[in-house]
Amino acid sequence: MSGQAFVERLKKVFGDKITGANFAAIDPWVDVAPAGLVEVCRYLRDEPDLRFDFLNCISGVDYFEPDAKKAAKNDWQPHTEVVYHLSSLPKKTSLVLKVILPRWKNDKPGELPEVPSVTGVWSTADWHEREVFDLSGVRFTGHPDLRRILCPEDWVGHPLRKDYEMPLEYHGIRGR
Amino acid sequence: MDAINWHSFFFLFFALLACGFSLAVVMTSNIVHMAFYLTLALGATSGLFFLAGADFVGAMQLLIYVGGTLVLLIFGVMLTAKGPFISMKTSAGDLVLGAGVGGALLVLLLAAATQVDAWRVSEPSPPVAQVTASRLGMALLGARVDKLDEKDPVQARGMSGYLLPFEIVSVHLLVVLIGSAYLARPKKRMVGGPVDTA
Amino acid sequence: MATQLDDPRIIEFDVRTDEMLVNMGPQHPSTHGVLRLVLRTDGEVVSEVTPHIGYLHRCAEKIGENLTARQWIPYTDRMDYLAGMNMNLGWALAVEKLMNLELPEKARHLRVLIVEMNRIASHLVGMGAYGLDLGTFSPFLYAFREREKILDLFEEVCGARLTYSYITVGGATADLPTGWIETCERFLAQLEPVIEEYHALLTTNAIFVRRTAGIGILSPEKAIDYGCTGPVLRGSGVDHDLRRDGEQRYTEMYDGYAFEVIVEKNGHYPKDHNYPAVPGSAVLGDCWHRFYVRMLEVMQSIDLVRQAIDRYSMATGSWGEPIKLTEKLPKGEAYLETEAPRGQMGFYVVSSGSGAIPWRVRARSSSFCNLSVTHDLCRGCLIADVPAIVGSLDIVMGEIDR
Amino acid sequence: MAEFLQAYLAPWWLAYVVAALVHAVLLINVVAVGALIFIWLERKVSGRIQDRLGPTRVGGKFGWLQTLADGLKLITKEDLMPEGADGMLFRMAPYISFCASFAGYLALPFADNWVGARLNTAVFFILAVLGLEVFGVILAGYASASKWSLFGAMREAAQVVSYEVPLGMCAVVPVLIAGSMDLVTIGQMQHGWFTNWFVFHDPFTFITFWVYFTCATASVNRAPFDLAEAESELVAGFHTEYSGLRWSIFFMAEYGSMFAVSGLAAILFFGGWNGPLPITEWLGLADTTNPVLSYLGNFIGMLNFMFKCVFGVTFMMWVRWTLPRLRIDQVMTTCLKYCTPIAAASFLGATLWTYFLPGGLILPNNAYGLVREGQLIDGPYPPADAEGPSKETANEKTAGTGDLISQVAGEHRGRD
Amino acid sequence: MNLLTQPVGVSHYLIVGAIMFVAGVVCMATKRNALGVLMGIELVLNGANVNFVAFGSVYLRPEVTGIGLDGQLVALFVIVLAAAEAAVALAITLNFYNNHSTVDVDQADELKG
């Protein structure tokens, strides 16, 4: 199935929940609106000719340039992406889904953006989403146990956000 | 000064241990310490058995009583010893009552123990080391090898040994085995749910 | 006697024991580093296991956003520190995919050779450490004896024994030294019969079988659902190996190599060696199968190294030219997974196109996913089974915590 | 010895005290120095098994002072006690273990009549006393206020109580053949060629020996039955919280028990101090009338016995460094499903064998065959014992050499 | 009379037995923990055992016309039965603990399980 036809098919099923696609990229991706993510994922997993039964990875990528001068040169607006790498063991195919989020929920600094959790679709999403939450600061709604996973539970901030400030002190340990 | 009688010396040593730790069992309220003192008291008792020439009974005391029964008991203690059950204080009234009754009983028993002259001091006996184990075994099987020279035919007929009690105990042990297995059978319960007491 | 009752909420018990929370780790002999498992136990029966990780978190991804692609290579070494070469390869391939770099044939064979050698070393450690988890010490020392020889070979190649940084973007940092191939062949010839000893000590040992067979059964569906990869996935009977099923850029390394994916089909494993038979009590997906797949992969890798030696010696041309330390990365993003010893190691690199420093790097770790299934496997097992199960997943904390 | 000293020491009782002290020091040295040597041996053996050298530096060529150096290090270590531990029990526990292990040596003969106290129930005494070691472990586990220790203690309690059953049954088989529970008598009965050893007495004793050794390994907590201290599961089990000297005392107790059970195996099954060939007899060293010669004979016998014990201990080490550890339920099934029925069956088999083939198959006129002719039980061997059988019945026997306590008791009653 | 120099007799043993017996009785009467009561029983049995062994001992009573071996035999029976008794009592206690989550005998006042 060509990429174009595949996206057409998804659009037919999910309508405007498929917000875009990029075929020129090295790993072509499909953009999905947060609201339709779980449905799309379940469809991709269960459809007999797709069978994306394997979630490889969930990554959070933060697009933000603190330096205003450099930011002006960028061709993108600040946003956060959650990237889902899927593959299908029986069909030996792979797919990339992207969910594009605002950097802050309702543009209020400090409120983490939200995505519905896909733990119900792939159990492995549990830890991956915790890691993305921990490091990239994306809140997964509907996650059964959204705690920090790599950083200590009382850690402040999400280190992989580009505006992250390294704390100067943690429990009496000097930061730098 | 007379020479020290080593038999008496060892007797005193073990007797003091046995009595002291028995009293410690009563005194302490910590159940784990109680079990520990009981172990020592019973171990000392086995020493007394050895001194009295009852080697086999002494070894059995160590093997079965101390090594088996008490381990079971301590096992039970450890299963239940938590929080409030480790140290359960007895009420003062109970203690006084117990001490009173116990004291009276002790006086009675001590009086009885010291009344009979023949019991008080033993005659010097020749150094006889008996092998008791096999004679005990024969007695359990019904042959009283220590009473073979019984003259009185009526009494001699009564010397049929302990075969019947031995059998009764065996059956009893079997019943106990089955009974405890029944009592300790696995039960099912729900996590956090009601306990199935059936 | 893993008490696997139908309803997990029903506990069979002799004596009412209160549930007890026990901390296994982070300083515990059998947690392979600094893993902390919180066990909820009822007597010896474990009712719940909660893994807590992050004690070895070194912010590798954050560091990657401040270094160039080649500068980050040493940090990949420290992820799965038992298989540094495989980590190097994963990152190198991901960056090469982003840069659309093609490698000369000789470099590809060199990479296969080195990577499969490291797979042997890694599986040897996995095997030995699993012995330790089950309470036998000697296999560990035997495994280290052989691994030591591999490390000696690697030391000749790149000067390092653990953190190699040898395979790099664009090829490798150097060619193999002269005489290396012969030493390597001698080593392989010596290693092969030794594997038999390991099988005698562990695989077929009656106690070992009783400790592992039927314990921690991971169904293929669950393995896929939890994203388990590598020997853990294949131990569950899923026929999937990226060396055969992976992306073109990765599988072309293995083009023309003869190898069979180590997976049980119709009740037996591919039989091109004198493998011991599968014991009757073993169930597909249990600890024994995971261990066994690893053992067979050692043999497979020996085979692959031999083939790679042949091809490498025949191949002409360059062994590859590393890119400049500050080579500019094109704009774009690339994700690539390779088959590391512990499973699929994925690297995701995003570049804004503004310089040599990537915008975002991400490492998808195989042990991370493999470990996430622990709580499911350990439900209702005995305390002694917890090390057996965790050990059979063969995790490396450096890779999990990154 | 006491009699010998009496000639030199003024108050007669001092002789006994000195004799007792000398005996005690000798025995404690077997345990303490033995533990030192065994720990060194364990390192060397494990080293060789694992294709490495083991200690090589301390004390010269073979690192034979390594354990001593470690012991010194342990002494200087801080004696830690966790908060919340039960102080008294925590401190007492190692000593209980050690005393239990050490008390077993009281009745263990090292050569013909070279024994601390010749008890006529020595077999059961040793088994019983070694069984008490479990108390130290249980109390240590309980008193440590650590969950891992508690797990270790629980496992130990369950394991040791179960394994005492087959262990006792196996020990009864040689007792049944010998007709005595006196280890010296049992040892004497096996003198001569190695075919007189009880392990070769009949097929059942041969099986029994292996069951005995398995159960003994389990009862002294050695791998693959070392569940109480399973380091990959329970950190260090019952001694997780111990450090320094107290910790090392647990180890002395462990090695002491290993030696004791090996010694018991050597006497019960492998002829004790009797070599495979009656060399001492050929050399004329078995002559009991000549003190120097018999001393030499006994010394060779002791070396024999020591060799067998060390071999037993080394065997345990070999097993430990080869096999993985069993799981607790498998340990229990091994005991209840295999060891106990096999022990019971071989007990029955040995009984029938001794009844129907009292002289054995190979050598119809061997020593115990002759003994069994006239005497049903308590048959003293050799028949011409010091005092001979008592007048009452053939079954009544006055022991030629009473145990220490009875000697003391008797003699001084006479004095008074 | 100096205990260290005098030979001991049966009555010495009887005194030890009496003390153990009484300690056991008091233990049974006053302990609230079911296992404590069980330990009291063990002490009582042992006190009795000491007496049996003393009466049957050839050292203490050289004449041995009395009970002779019977003392030791009875002591053996007591030991064996005590083991059985302890096993059953322990099973009952643990069952009680399972059902009522306590080992306090003062609370064991209902007759149904």
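Note that the chains take the letters A, B, C, D and E in the order they are written out, and that residue 1 is the start of every chain.
We take it that a contact is a pair of C-beta atoms (placed from the backbone, for glycine too) under 8 Å apart; a residue touches a chain by one contact, two chains touch by 3 or more.
Since we're looking at a predicted model, the values are computed, not measured.
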Neighbouring chains common to subunit A and subunit C, by label: none
Winner on C-beta contact pairs when B-D is weighed against B-E: B-E
Central subunit by CA centre of mass proxy: D
Greatest separation from subunit E - chain, by CA centre: A
Intercentroid distance (Cα basis), subunit E paired with subunit B, Å: 5
Geometric centre distance via CA averages, subunit E-subunit D, whole Å: 31
Between subunit A and subunit D, centroid-to-centroid distance (C-alpha), Å: 68
Intercentroid distance (Cα basis), subunit C paired with subunit B, Å: 61
Overlap residues in subunit C, where contacts from two or more other chains coincide: 15-16
Subunit D, residues touching no fewer than two other chains: 154, 406, 409, 413, 416
Subunit A: positions in contact with at least two other chains: none
In the complex with subunit E, residue positions of subunit B that touch it: 1-5, 7-9, 11-12, 15, 18-19, 22-23, 25-26, 31, 34-35, 38, 41-42, 45, 48-49, 51-54, 56-57, 60-61, 64-65, 68-70, 72-73, 75-77, 79-80, 85, 88-90, 94-95, 97-99, 101-103, 105-106, 109-110, 112-114, 116, 118-126, 128, 130, 132, 135-136, 139-140, 144, 146-147, 162, 165, 169, 172-173, 176-177, 179-180, 183-184, 187, 195, 197
Residues of subunit D defined as touching subunit C within the complex: 46, 49-52, 147-148, 151, 154-155, 223-224, 226-227, 230-235, 321-330
Subunit B residues touching subunit D - in the complex, by the definition given at the top: 2-7, 10, 32-33, 36, 39, 43, 50-51, 53, 55-56, 58-60, 62-63, 66-68, 70-72, 74-75, 78, 81, 122, 124-135, 137-138, 145-146, 148-149
Partner subunit B, residues of subunit D touching it in the complex: 11-13, 16, 86, 88-89, 92, 119-121, 124-125, 127-129, 131-132, 134-135, 138-139, 142-143, 150, 153-154, 157-158, 160-161, 164, 168, 179-182, 377-378, 392-393, 395-399, 401-403, 405-416
Subunit C-touching residues of subunit A, taken from the complex the two chains share: 25-27, 53-57, 59, 61-63, 74, 83, 85, 89, 92, 94, 96, 122-124, 126-128, 131, 135, 148-152, 159-160
